[in-house]
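Per-chain numbering from 1; labels A, B, C and D assigned in written order.
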């Protein structure tokens, strides 16, 4: 979707606060982070579903609120969609109904840390599908403007670049976020010249590289 | 951002800098803190969350991840040519061999700065970042200013970080749009020839491994 | 500039509140409107300078504040830039220094209403320059991303359309907003198919027409 | 949006609906009202603004402009073929001949709805609108929702306005990006054959002349 989150190339956000390397500035941010990571097991939701819920926040809130408050608001959305919490509970700050946890089991500390250390399974065997494109090939990014979650930023759509790597076959974010399973796709690193993306306002000689799934691309 | 947590912390997790000073009163900040506490109470009461898991995951990230991990990887690469080759060929495996692995680091690609190419990493769409080797992302990396500008005017942004690149050096910006996370291998600085790996690790900064500093 | 104001095509702003046809919902909005129109004479500023000042507001304020508050904040910026008011006066709500009004004369009611009824002079004689393009010609919109004010929305940049009209030679907004005078340019109506702009997510058979000044366009 | 003006209005311009009821307390709204009053006081004190000019310009727009002007133009075009030809060929001149002219109406182009084309007007970048014939723009026209969506999914937006177009009708969206302002000439509705111009003007709506209604 063409959301406020897709801000590559925008003007108006001022200078980078280069000295602000805060990770958690307040304890509630730690708790927010922990809740998002932990609830992902019980609800459950994938990272891409959580990202999409963030992208669907009201644009003014996306900009106004703290980064971790946006994470929490997105998780509230996912909890409500799953029927596990309702709006009145969140407003009152108290539980008003019980749920059947059979399909929403809480994760324990050991399991959670062990799984976090192990990481997610996102890649599929190389022989499960044939690549449509090859390294060294020039491709164009499709000009798509769907409502759903996607990982192709607006600033490369319709633009041509060079495939510099085939990273393998990965779960496809667009499909996962839409609840349609991993739908594995080849994912390529595509290099664009800055002037292709930004015209005369680009940075002469410089390039931008993105990892783009095969369905985002077409041959030229 | 106020660093003081408000009200009694009944879970006993106050790692904040409660230094006794009154910080600026930020109603947005207070609203967010209340909101998070309310959600925590509800989901714990419903049995969706084990409070011990909340503690454990924060402790894991604060203790076991962070840029010191990445610095060890870079120092090793600077001092061990075979490891460097492996790191550039299969970053994930080489990094795993040093004990660093996990969520948001399942597929790490290491990109090498040279005399002619400087690399810098961003996630324009959210804030993707290689957690096992760099920890959670700093505020500036997640800011609209950085995300919006570094893909369009990287040299201006790098200047704000104090990094002035010669025009003969090409900038390559890596926008982390899929499942690969990027770690920059900075150039080993002149004058560091006598240093061993632990000494080198001490001079390697988080920003150097993102690409907003030279080392 | 690629500002928050350039929102053609964005998702995330919800349904249109079709029943809200309020012009002024509160008296302060009337006063705000009148101040912006009246101060344009004394400062002075052009409509395009005022638009650019709005575009330069912080994105979160642009979305959070009332439309007329944005107009006022932009006018405050222009007053400060002209040295006529300073930040401390605005914060305190009281005058702290006098100004020499010789070059900043207030407009009287008769003059203002008469001038408003007459309108601005924006067009130049047809024989003052030759058109580079003609009706029926296909053109491409340049891919520009400058910081300054421009009237070419992001969603048509790099896209091809058909010139359906040459509207004449008009003052050029980009130049006026930059303080470089009218720099008159031919201004064309260019029609784009919806699918050119939005790909498969466009509206089949429908088109979008924009008035675009000659410097925005190139022959194809 | 609170319609009550706050505090005494020393200029005597309170046209607000001060109906004695307390409206919802909106701190943003109050902040804006205070801000505008502060600016007014400062610029009047400095001699930059003649308070009578403030009154005069508001009165001008509220009394002399508005969609009733545009409705007269449309009604005339429906009942006078020569005027209609002129209006479509040189909208500004034809409209001036009825006494409507001025700022934000220096160059008006009238676009005609037909059996096969429906026109709808927007300003994606700000809120350009033909003030002399339609008055100042309504809130929805200036809203991010309308501005962002009508260029990408005009049919969905028109449905929200209750306007369902046949797929055989092409939609042309006019984004007011330069100095021309657009006025839609709706199709004269069936059943209106016996009406004269004043009667017709009564059935023509603001939305019809923007293109978000059929008439």
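Heads up, the rule we're going with is that a residue touches a chain if its C-beta (ideal position, glycine included) is under 8 Å from a C-beta of that chain, and two chains touch if they have at least 3 such contacts.
Predicted, not measured: the structure shown is a model, and the values here were computed from it.
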item: Neighbouring chains shared between chain A and chain D, ordered by label; value: C
item: Maximum centroid distance from chain A, chain identifier (CA atoms); value: D
item: Inter-chain centre distance, chain B versus chain C - centres from mean C-alpha coordinates, in Å; value: 40
item: Chain B and chain D: spacing of chain centres that average the CA atoms, whole Å; value: 51
item: Gap in Å, rounded to a whole number, between the CA centres of chain D and chain C; value: 17
item: Length of the line joining the C-alpha centres of chain A and chain C, rounded to whole Å; value: 34
item: Multi-chain contact sites of chain B, meaning residues that touch two or more partners; value: 144, 152
item: Residues of chain C touching at least two other chains; value: 9-14, 59, 63-64, 145, 198, 201-202
item: Chain B partner contacts - residues on chain A that touch it in the complex; value: 5-28, 30-35, 37-39, 42-43, 51, 54, 63-69, 72-73, 75-76, 79, 84-85, 89-90, 92-95, 98-99, 101, 104, 106-110, 112-113, 115-123, 151-153, 155, 167, 170-171, 173, 187, 189, 191, 194, 197-198, 201-203, 205-213
item: Touching residues on chain D, where the partner in the complex is chain C; value: 1-5, 9, 11, 13-16, 28-29, 32-43, 45-50, 52-58, 60-61, 101-107, 109, 124-127, 135-140, 142-149, 151-155, 157, 160-162, 167, 170-180, 206, 212
item: Interfacial residue positions of chain A with respect to chain C in the complex; value: 1-4, 9-14, 55-60, 63-64, 142-147, 157-159, 198-202
